[in-house]
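One chain, subunit A, appears in both complexes that follow, with subunit B as partner in the first and subunit C in the second.
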Partner chain A sequence: MRLTVERGAFLKSLNHVQSVVERRNTIPILSNVLIDAQKDRLSLMATDLDIEIVESLEAEISRPGATTVSAHRLYDVVRKLPEGSQAQLDANGAEGHLRLNAGRSKFQLTCLPREDFPAMTAGNLPHHFGIDAADLRRLIDKTRFAISTEETRYYLNGVYLHAFKGKDQALLRAVATDGHRLARFEIPLPEGAAEMPGVIVPRKAVQELRKLLDDATGPIEVAVSDTKIRFAFGSVILTSKLIDGTFPDYQRVIPSGNDKILDVNASDLAEAVDRVATISAEKTRAVKLNLERDRLTLSVVNPEAGSANEELPVDYGAEPLEIGFNARYLLDILQQLDGSEAKFLLADAGSPTVVRDAGEGADLSTLYVLMPMRV
Partner chain B sequence: MTRIRRLGEATVNRIAAGEVIERPASAVKELVENALDAGARHIDIAISEGGLGLIRIEDDGHGMAQDELTLAIERHATSKLSRDERGEDDLTLIHTLGFRGEALPSIGAVARLAITSRTGDGDAVRIAVEGGRIAPVTPAAFLRPGKGGTLIEVHDLFFATPARLKFQKSPRAESLAVQDVVKRLAMARPDIAFTLSDDGREILRLGAPREGEDGGLARLGEILGREFKANALPIDAAREGARLWGFAGVPTFNRGNAQHQFLFVNGRPVRDKLLLGAVRGAYADFLARDRHPILALFIDVDPREVDVNVHPAKAEVRFRDPGMIRGLMVGALKRAIEAAGHRASTALAASALDSIRAEALRAPGLAEGTAPYASAPDAYAAHMPARPSPAALALMTEAFAPAAKVTQSDPAPRNFPLGVARGQLHNTYIIAETEDGLVIVDQHAAHERLVYERMKRALGETGVQRQMLLVPEVVDLDPPSMARLLARADELALLGLVIEAFGGASVLVRETPALLGQAGIKGLVRDLADDLAEIDEALSLKEALEHVCGTMACHGSVRAGRRLSAEEMNALLREMEATPHSGQCNHGRPTYVELKRADVERLFGRR
Partner chain C sequence: MSGFCRDCLAPASPGARRCAACGSPRLLFHEEMDALAIAHLDCDAFYASVEKRDDPALAHRPVIIGGGRRGVVSTACYVARTYGVRSAMPMFKALKACPDAVVIKPNMAKYRDVSRAIRTRMQALTPLVETLSLDEAFLDLSGTDRLHGQCPARVLARLAKEIERDIGITVSIGLSYNKFLAKVASDLRKPRGFAVIGRKEARDFLRERPISTIFGVGKVTGGKLSARGYQTLGQLQDADDKTLLRDLGPSGPHMAALARGQDARRVTPHAPAKSVSAETTFEYDLAKHAELEPVLWRLCERVSARAKLAGIGGQIVTLKLKDRQFHTETRRHTSERPTQLAGEIFKVAHALLVSRAEGMPYRLIGVGISGLSPADACDQPDLLDKDEGRAARAERAIDKLRERFGDAIIAKGRSFKQT
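Let's look at the complex of A and B:
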């Protein structure tokens, strides 16, 4: 294999694929990136056996071939090459080295044979649909904060993506929950997605996908089977295994009869919660909300540190209510809101509370459920 | 085809003997108990070949007359059960160690047994049984003319049951088991003299009868070692007719297994799960999970309140009100530990001293060993000219003493148990001078414990905050575990875990302690179920909560390597004095050791 590639383009692609490679691996070849040069395209592939990212870029190829080298090391080398330089890659199967020359720098990187590189068999992905990059970004951004990190409930360690028949229209929904709070976001169902199975996309795949989406525009091709999902956009293809489990029936935990309605300025509330929570114990971060007619009092008592109180003017007409929440969870949700107002739908101190985006610029496709704390 | 038939008398006796006499130690136990029940003041025990060759037990009890002797070796014959008003044997009122009339016939069935006995005024008689065959009673010469007593000799134990003989351990192991049995019985009866010899070698000589509590401690000290005596807390508590007394070691005096916990119910040595669980519960806060305290505790209850007839070797008992006994034990032990507060194990000071002495022996010239200490203050002064010299530091501490004078009429260090800080070693240890010695404090361990105690107090004041679950978690268990958990649901709710029944063998977790965040609830609930089954206490949950507190305490406390000012050091010492349980860290290690002036003088050969 012999080729010449422009440093800038090479670096960008390497950056995309190397982030899936774990820092520590028990299988050495998983630390490597597969470099495959065919005709006039160079393709880079990395995997952790659950997620695979492939990206192709233009290169001047004088002798086709393929090899694998350490992904993080190659990335660091290319990153430190002078801007605008051309990298020449040369590998000869017999030597076990990849020579990389750029300007006056010469590197010899140890290779492992490409035949050992595990390729993910995607199998048949029967359901295809297109989704706009901006929509997919929001689908992830609005929900991923609620993904559980607790390994024993593995079926909560991802975003649940599924088609849903709404009242007026069909929807594509993303749902995540950690058992304490839940986030739901929906967009009109893209064509071709109606038959897709409900799938749980693992946390790491969601994070990698989100990184790739930073500079993606236009439609993204999604292909799904029962066990795998593939996102293809431009020159990048991300394929991930899905979590093999059943996502809980989340509809049941979203209350519909909550009739105590609180409207409050979202940023004012977020700032106030953040302020009073300074006093709370670092592990529990409980904050108490005391609701009276058009007045909300936030309070925190921590026998070790003292107490804090803050009053906020709000729009509230129902009977007085006292309810506790984890300040961290409240802030997480308030930060997701696009509108100027937050609308809380409450029942009592022991039942789930619904939070919706409201006011100017609100995104009504979001819905959050938060479980109170007993304080 | 074989038909059902009645077993021969000898076989029946051997099978029954298998239950009672399992190894030489169990024979010794039965025989010594007989001696105790006969009111003996001296009991001499001799064994050879670990008791398989010979067990010889001589006592000065009331002895047996000829007609009793022939009955004694028959099954189900005893003098120890009283008859109630209807003339029935009363099994609910047992004052003696034995009551079943099983021991002698059982031993006689499997060994060559000879009993020589005389009552105070009668003649000595002898009867022999060999593998179940009884020889006629003959007159005998007894060693103690004019006095009552019994001599029992058991030769060739298990000769009649070769199968059992094959499964005996080495004579050495059996001999250790015999020693253990004798020690336990001797602990319970400090008023009786015991001797034990093995193949002619004297192993135990527990002196002349003593009376009262001190006698008890002296006997325990003889058996458990002098260190136990120095580190034991007296326990004496009563509740609803039950009395708990004895001695419990301070938490820093601990061992790697629970072999050194001696528990007695009405003078009977037992290894009862309920009681061991209560001990564990009482010490849980002071010891790591794999460390065990050393103690000897006696429970005296009305014989009607306890059933001893539940275990062939009588090692387990059943109380009519186990909750009360448990509460009594946990409460009394905790109170004693609390009251002891500041008694770090003297064993630690002793071992510290030993290592200093060892140093002195290895390198002639103690000066070399102490050189680094001597030069440390100089290094201080050289590197940090702004810091006061040791002399100035001492002056400074003096200067602070008047401040304390405002409330204390007399200047330090006399008024402070932990003394006044005189300096810091390696930025890690505080050296304080007390009225009669010096104290070395591990600043990190001490502060960690203080922070931990403060957090626990806060937790106690506010209660455990609970996060409700949006999706309740189902934990699959087996029906008994589920029942055990649900029975304690109220207590668990106080600790932050709210559960309810779900089907026949699962529980539904509705709320979890907010402190634990998203920790694996399933595993915790299963551990809890096991805890309840094993030791009847929700230890896992408490431990999980305390672990979080402990970790936070560790992060929130002064580290080793931080230089402390004199005020800071003194403040730490004063807070330690004011805080219960600050004598040991969360893992049972001491937070400070104290060297008495006499110890220091001994180091220099002045004593």
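Let's look at the complex of A and C:
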């Protein structure tokens, strides 16, 4: 294999693929990136056996071939090359080295044979649909904060993506929950997605995908089977295994009869919660909401640190209510709202509370459920 | 050189063999006596002493406190010790050495009461009492001379005397200028001992002592140390920090400081607990999960009861198993939410248990929680909990029943052996 590639493009692509490689690997080949030069395309591939990212870029290829080298090391080397330089890569299978020359710098990187590199057999991905990059970004951004890290509930360690028949129209829904809070976001169902199975996309795949989406525009092709999902856009393809489990019946935990309604300025509330929570105990982060007619009092009492109080004018007409929440979870949700207002639908101090985006600029496709705390 | 009689507390003149006032030979002399204030109080054969106190017929018989045929000796009285019985010795070995021994199952509730009575007396002397277990504690009596009208040594001698008179068990006291030496001293003249180690003699005194004198250096660390040529504290004293760091790692300089008689640790009352755990050794090795489960459940209940009492819960559940070869393995799981409920602890511990292949015979099982949080951070309601907290409410109802009518009033089916 012999090729010349422009440093900037090479670095960008390497950056995309190397991030899937775990820092600590017991299997050496998984630390490596596969460099495959065919015709006039150079393709880079990295995997952790659950996720595989492939990216192709233009290069001047004088002798086709393939090899694998340490992904993080190659990335660091290329990152430190002078801007605008050209990197020449040269490997002949016999040597066990990849020579990388750029200007006056010369590197010899240890290789492992390409035959050892595990390829993910994607199998047949029968369901195809296209989704706009901006929509996919929002599906992720609005829900991923609620993904559980609890290993015993592995089926919550991802975003549940599924087709849903809404009242007026068919929807594509993303749902994540950790038992403390639940986040749901929906968009009109893209064509071709109606028959897709409900799938749980693991957290790491969600994070990697989100990184790749940073500079993506236009439609993204999604292909799904029962066990895998693939996102293809531009020159990048991300394939991930799905979580093999059943996502709980989340509809059951979304209350529909909550009739105490609180309307409050979202950023005022977020700031106030953040302020009073400074006093709260590290482990509990409990903040108490005391609701009276058109008045909300936030309070925190921590025997070790002291107490805090803040009053906010709100729109509330139901009977008085005292309810506790974890300040961090409350803030997570408030930060996701696009509108100027937050609408809380409450029942009582022990029942799930619904939070909706409201006011100017509100995105009504979001819905959050927050479990109160005993305080 | 100042001195006094430990029986009547009358001053004694140096060189005297018996107290001029009461004729007792228990005289105590030390040059630095008036200047030392850190003490370690250790009850003599505590559990056995309590049992002997309550049954005078046992007074001159060998008594072993411990559980069952397969258990280990938790305490051997001084009579039993003359036969070579030691604590932590497997019971069958102890009975081989001393077939006439009276074996008594521990009555922890009683020992706790006695321990509390002793602690109350210590706390009357200084707020700085750090209890290490039911039967030992550190006391810092610095600055109490004016309050008590006498030096700490005398205060302690009187304490020992009163514990013996009023509570009916004997204690040994070590007095020095830091915790390490106080603990070493309390062990010197057991039982009914009182030993003093002063600043002047500390280093020389420690020189010839084995490295196992340092608390926490047992077989394993001791083996490592002697493999590197450290057998006595003197060898640690002589080594420089660089060598120690190289040979023994970060704990090397710390151990050497102790060996030189330097210990900056303070006596801290109620150091908060870091974990709550319970374990049990079986009568016969158990291999089947179905046999282990009821035992595990009862342990979880015990841990849970103690956690609830202390108002804490834990995020990490640890399962401990010891096999026939006395090899101990522990497995732990960290959950997102801390718990103090027996049901939740059991769920995790049971999952850890069944993740082990069935069929390996174990002699001991234990369970514990750590990563502790206050009770109000524990067991917060969960959106996805299908039974909506019913299990938790049931457990709390059981707790209430037990509080009123005793532990035996109600039990879960899973605490019984399956037949």
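The rule is short, and it goes like this: the second predicted complex is superposed on the first by the 375 of 375 C-alpha atoms of A that agree within 3 Å, B and C clash if a C-alpha of one lies under 4 Å from a C-alpha of the other, contacts with A are read in each partner's own complex, and residues count from 1 in each chain.
We take it that contacts are C-beta pairs under 8 Å (C-beta built on N, C-alpha and C of every residue); 3 or more make two chains touch, one makes a residue touch a chain.
Since we're looking at a predicted model, the values are computed, not measured.
After the match on subunit A, would you call subunit B and subunit C a fit or a clash?
Subunit B and subunit C clash in the superposed model.
Which holds for A:149: it touches subunit B only (first), subunit C only (second), both, or neither?
both
For A:301, decide between first (touching subunit B), second (touching subunit C), both and neither.
The first partner, subunit B, only.
Between subunit B (first) and subunit C (second), which does A:283 come into contact with in this model arrangement: first, second, both, or neither?
In the superposition, A:283 touches subunit B and subunit C alike.
A:177 contacts which: subunit B (first), subunit C (second), both, neither?
Both subunit B and subunit C are touched by A:177.
With both complexes superposed on chain A, which partner does A:372 reach: first (subunit B), second (subunit C), both or neither?
both
Clash-wise, after the superposition, say which stretch of subunit C runs into subunit B: 44-52, 224-232 or 242-250.
Among 44-52, 224-232 or 242-250, the clash with subunit B belongs to 44-52.
After overlaying the two complexes on chain A, where does the subunit B footprint on subunit A coincide with the subunit C footprint?
Overlap of subunit B and subunit C footprints on subunit A: residues 148-153, 177-182, 248, 253, 281, 283-284, 286, 326, 350, 352, 369, 371-375.
Tell me, which parts of subunit B touch subunit A in their complex?
454-455, 457-458, 461-462, 465-471, 473, 511, 514-515, 517-523, 548, 552
Using the touch rule from the top, collect the residues of subunit A that touch subunit C in their complex.
148-153, 156, 177-182, 248, 253, 281, 283-284, 286, 326, 350, 352, 369, 371-375
In their shared complex, at which residues does subunit A touch subunit B?
148-153, 177-182, 248, 250, 253, 281-284, 286, 301-304, 324, 326, 350, 352, 369, 371-375
Under the stated contact criterion, what part of subunit C meets subunit A in this complex?
333, 335-338, 348, 351, 373-374, 376-377, 380-385
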